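The data blocks that follow each hold one structure.
First chain A sits with chain B, and in the next complex the same chain sits with chain C.
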Partner chain A sequence: MEQSAEIKMVARTKRESPSDINRFEEKRFKHRKRLRGLHEDLTSFWFLLPILAIFVVLFAVPLVQTLMFSFTDFNGYSMNMHSVGMANYQQVFSDPSILQGLLFTVIYAVLQTIFVTIIAIPLAVTLNKKFFGRNFARSMFFFFSVPSLAVLGMVWKYIFSPLKSGVVNSVLSVFGIGPLPWLSNSRLAQFCVIFIAVWAQIGWHATLYLAFLQSIPSDLYEQATVDGASSKQQFVHITLPQLVPGIVTSTFLLMSGGLKVYDLPYTLTKGGPGYSTYTVTQSIIQQGIGQSQYGVGSALAVLFTIATAIVVFAQMGVANTISRRFQ
Partner chain B sequence: MSSAKVKRNIGIRNETALSRHERRHSVVRSIVVLAITLICAVPLWYIVINTFKTVGDMQTNPLGLPRQWTFANYQNAFENVPIVRSLVNTAIVTVFGVFFQVLVGALAAYGMILRKSFFTTFIGMILMVAFIIPGQSTLIPLYRMESQVGLVNTLEGLIVMYLGGAVFCYFLIVGYMRSLPFELIEAARIDGAGALRIFWKIILPLIRPILTTVIVFQTMGTWNDFMTANVFISSSDLKTIVLQVYNAVGQFTTDWPSFMTITVLALLPVFVFFIFCQKWIVSGLVAGSVKG
Partner chain C sequence: MRIGTAVKAIVGIVASGAMVFSMSACGNSASASGGKVTLSYFAWDNEQTSKPYVEEFEKENPNIHIDFGSSTTYVQTLQTRLVGNQAPDVFIITSENKEDLISNNYVKDLTDESFMKNISDANKEFVSKDGKAYGMSTSSWASGIVYNKALLKKVGVSEVPSTWEGFIKLCKKLKAAGITPYLEANADSTRRIQDAFYGGLLAKKGTDVTKLADSKVQTPGADSKEAYSEWMKIYDEGVVSRDTVGMSGDDLKTQFTSGQVAMITTGAWDFSTFQDSDVDWGFAQMPAMKTGMEQYAQGSPSPALAIYSKLTGDKLKAAEKFLTFMQSKWALKKATDDGNAVTVKGYNSDVIDQYKDVYEKNVKTGKYFLLTNFYSKPSVLDTTTQSEIQQLVQGSISLDQFVQNVDKKMASAQ
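This part shows the complex of A and B:
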């Protein structure tokens, strides 16, 4: 007992009267701490090295090159390239095929986001209620989203075949409607692409909403029922606000995925008829790799990156504002 | 005792009244939803049923059952199209691509939570930028880069291209890792375990749920990829299965049943995979979006 009291005393005196030795100790401690910190920095660096390498090789260098090419007349073969200033950008804005591709990409992204959302939410709400065959319906809807859009595009090509033997046309002929030129008419082809995209994605997004619906506490609904709220009121005042994070995620995926669309229109119509279902990605690949106009393709890619970034940030901003309002 | 019984009786009466009402609703719901499901499933039915028909049969009767069941299309598909070869190619690319993506992503996420410094904040920022850059924008320089080192038109080159997915993996995994108690790492460190050992023995087993989700996600993306494979692969013996289906459109312009057969053979492995993984996909969707 006495001994420990003594030690405490000594300790207190030591702490209270800083001697030179103490200062030295402190310094050494700090130094050791910094060394350990450096060591930890190094460990963390080793773990981050692979992704850093991937970033440099697959993202940073190519993006800088794209930016550089966009100001030159580089053709992909001869390194003898010249700066052409903004000419490539001017060409992007004057080439009708590129503009058409841009227009259709935007239409596609916006319409697919709207339609998938307004179909998937009621679908998820229904799939969340009890009924016979619910699991079957859930699995089926989910299955539509499993095959790649590229393969689906090729299959739907047969279904929308302008010939009489095409499925849609043979069904329509029962009602006396003549064979329609589904994929060879601009408007109809655009409709077909968006229709298939919506068909293929509602299941996936309904599954997403379903997962969010299942996390809504059920006592909210019980309370509302006791208070005499109708099911419509419950939907508007409980389900929708609770689904906001789900809507944010789903529309974000739809919008960014929609802007990057390539495979479905390409395998369904190859961008045609004319350029009516041409997409930005298709024109980047066509200009850059197909026609060896690296400059123009790169200028388009730069503009596309900027546009995507703007959309992503705008959506994040809107999503943040909305979620804050509902919290 | 008796009052409890009465209460229970009331409860039962209420329940049956409710459930009668509910049951009527549920029958209507069943009919409506199942009808919509079946209409939506027509294209899938169309693909599968036509693989058992002859060309003439398919043209006159695209949606009905075959008049005469035939398996010649399957025989024909295996004889004329290197389907097995393509499936093997796709499997190689998917397995290696996904493995490295997830490994790099997980390592990076671990390095990120190990220490918070100026350096890690900086890395976090550049990865955010990488996440926004669309693959299309870097496609042309990457094509040139790979052709300079002879990686265009090789499976290795394709795998390298898919490594970019590591950034997506990192974002999903780091969100999950941050929710783990950091004391676990501290405790292991005090016990003298090295950083790599902690990663293998403690972190990896703990993040298994998110790893499964990420693997399923990336497998789907890589297996189904069309754009990268279409740009980078040109020889027929290196084609992935999606490219093979695309090729078959041109090869069987009039022989629709054969085309459908190749489609079925291409889709079958994905469907089997997904029947097994459905559970994880759904739970992962929520985990990923709630945290990320």
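This part shows the complex of A and C:
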């Protein structure tokens, strides 16, 4: 009250109109709000500082170093390195093994994202229904995703062995089929890698969808049932739109994980036969560290980081557009 | 133009920090060991294998303490330590790192050292450049053909033929009798026969193998084309299944010990598995590529011990003592007991009966060859040949394309 009287007095002194006074009060309010915001930002900053420090040390610094190495002939043994300009980048684009690795990585990432999504959603819907042994079934599907893909690769190597004694070939022989050259044929080896990746990940992503399904209000379904909507109509018009945030999260994780895949193809086929299951990450590790060509490995890593960032941001953009349509 | 000042600064800071840390650690260990000379030894073998040697050496040399270390990613770990100024005093030099270690002056020239006197020429050549030896290797390995005596007997054969032509004939005989004649592990252990053939070919031509890596243009593909052409007959004539591209060394062992294949290629490292099985087995020399050529094996000297080039004073003396000890009678006997085929002059390894033929004719005579030992960029060559061989066996590329792809990759890596 006192403050307001003072403002009015000042206004009178300066012969200002009432609208000027209002503007002045508004300005002060905004200033105070800005100060409060700044204080809150500072508090958030202190909370973010540890992760920011980790990000700088473990991500930003190596990224800058990688960028610098990509223009040099650094071999990992001597710091006496020389600039080679864009030679390492030229080598990346002219090396057929890297290009084949890039092709399989993209195929792997796209196909596993599509198949896991297509299978995990109906699985989650089924696991959300009431039936005998539901909790056991949920645990079983989730269990597939517990072992690392590297371990699964080693186990599945015996299952998909091209020998007559391989597990799948032994089963097929009962029906008079095979033996099939699972890991000896390029196309079949690619199929095996993608199949195992899908098999191993549907459980985890079904659990993710299950969590989103359980947050859909049941009265939506009750209302739809009263209105005479069939199960299919309920799935298409209620379940799917409500699952969009879940689909966005799941496909983002699948795509980003798929692009940097290394462990499963390496333990299952070591990138073979030939370069048929070779991946970009294997190429970075093999050329950079294994073959002491840090320059080439770094150039590939830089290009791949940029490409992955573009794919992921594009995917986020599309996902946000779809999300807004269903809101 | 030199660049990377900022990178050097970062590495320098990290290395300095590590040095300060390690110096404080050294200080502690020095006081704990009561003024003993501490020698750091970074080994290729794991602790279980290496520890008995270290303990015996410390027992014989109470004034020297060995600071032992090993890693499953040996080559990369050693590389990181060297570039970060954390070099071990004694470490291992082998085909994967010898070129880089020698050219960057990380290893001491051991040519005239007394402990090198009894080291065999083949073992010296393995880690030599310009006539100077940089490592001490005391044993070698050679692969051969493991065969199932009972299965060979079914077709009236008691031993593996000494030529490739004879070998293919035997395979055809076995196949006709409904027996899987031969398998090789093209998924992870390629080049066994091809390296043996190429070694024999080089020997026939009288090529000095130590000069192969000196050539500015490395063409291992074109150089070994004849050997690959002969080896591919086994696939081109339909004797062996092309599915071997998906078979690993473990797959082969399982097939052999369950009596499902007559012959496979492997080496002494798998003998214990065969001995534990019910199969009556033998181990034969690899066949010669052609009649009149020598029977070479794919093989190599074992990784060698090296001394860090900047070592001086008491530490250098201790390192030399350690290398002298590692070719003493006690150490060589221990190496033999561990399954190594010792090649030091004047010492005979007591190998198992099945291995005697290959040991006498290949290991002791140095008639073995490993492609990656004699060309530069061995890691590039190893991974490239493996992938290209798989495509060659699959039939997705021709022999000419194989040669071109290998040599192109080698040229880009130079």
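One rule holds for everything that comes next: the second predicted complex is superposed on the first by the 274 of 327 C-alpha atoms of A that agree within 3 Å, B and C clash if a C-alpha of one lies under 4 Å from a C-alpha of the other, contacts with A are read in each partner's own complex, and residues count from 1 in each chain.
Methods note: contacts are C-beta pairs under 8 Å (C-beta built on N, C-alpha and C of every residue); 3 or more make two chains touch, one makes a residue touch a chain.
Every value quoted in this text rests on a predicted model; they were computed, and no experiment measured them.
*Asks:* I'd like to know which partner A:A189 touches here: chain B for first, chain C for second, both or neither.
*Replies:* second
*Asks:* Quick check for you: in the superposed arrangement, does A:H82 touch first (chain B), second (chain C), both or neither?
*Replies:* A:H82 sits against chain C, while chain B stays out of touch.
*Asks:* Which partner does A:I285 contact after superposing on A: first (chain B), second (chain C), both, neither?
*Replies:* After superposing on A, A:I285 lies in contact with chain B but is clear of chain C.
*Asks:* Scan A:V61 for contacts with chain B and chain C and give back first, second, both or neither.
*Replies:* Touch status of A:V61: both partners.
*Asks:* Does chain C touch more residues of chain A than chain B does, or is it the other way round?
*Replies:* In the superposed model, B touches more residues of chain A.
*Asks:* Mind working out whether A:A137 is in touch with chain B, chain C, both or neither, as first, second, both or neither?
*Replies:* Only chain B; A:A137 stays clear of chain C.
*Asks:* Scan A:G317 for contacts with chain B and chain C and give back first, second, both or neither.
*Replies:* Neither: A:G317 stays clear of chain B and chain C.
*Asks:* Report for A:I159: first if it touches chain B alone, second if chain C alone, otherwise both or neither.
*Replies:* Only chain B is touched by A:I159; chain C is not.
*Asks:* So, does A:T72 touch the first partner chain B, the second partner chain C, both, or neither?
*Replies:* Only chain C; A:T72 stays clear of chain B.
*Asks:* Thinking of the overlay built on chain A, is A:S94 touched by chain B (first), by chain C (second), by both, or by neither?
*Replies:* second
*Asks:* Mind sorting out which residues of chain A both chain B and chain C touch, each in its own complex?
*Replies:* Dual-contact residues (chain A): 61, 65, 69, 76, 157, 165, 289.
*Asks:* Which part of chain B faces chain A closely enough to touch in the complex?
*Replies:* 22, 25-27, 29-30, 33-34, 37, 40-44, 46-47, 58-60, 62-63, 103-105, 107-108, 110-112, 114-115, 117, 119-120, 123, 126-127, 129-130, 132-145, 160-161, 163-164, 166-167, 170, 195, 199, 220, 223-227, 231, 242, 245-246, 249, 256, 259-260, 263, 266-267, 270-271, 274, 278, 281-283, 285-286, 289-290
*Asks:* Per the contact definition, I'd like the list of chain A residues that touch chain C in the complex.
*Replies:* Residues 61, 65, 68-69, 71-72, 74-83, 91, 94-97, 157, 161-165, 181-186, 189, 269-275, 278, 286, 289-293 of chain A touch chain C in their complex.
*Asks:* Which residues of chain C touch chain A in the complex?
*Replies:* By the definition above, chain C touches chain A via 1-4, 6-8, 10-11, 76, 79-80, 82-83, 100-101, 104, 106, 187-188, 242-248, 251, 254-255, 258, 260, 377, 379-380, 383-384, 386-388, 390-391, 394, 396, 405, 409, 412-413.
*Asks:* Enumerate the contact residues on chain A facing chain B in the complex.
*Replies:* 37, 40-41, 43-48, 50-52, 54-55, 57-63, 65-66, 69, 76, 126-127, 129-134, 136-137, 139-144, 146-152, 154-159, 165-167, 170-171, 199, 203, 207-208, 210-212, 215, 245-246, 249, 259-260, 262-263, 266-267, 280-281, 284-285, 288-289, 294, 297-298, 301-302, 304-305, 308-309, 312
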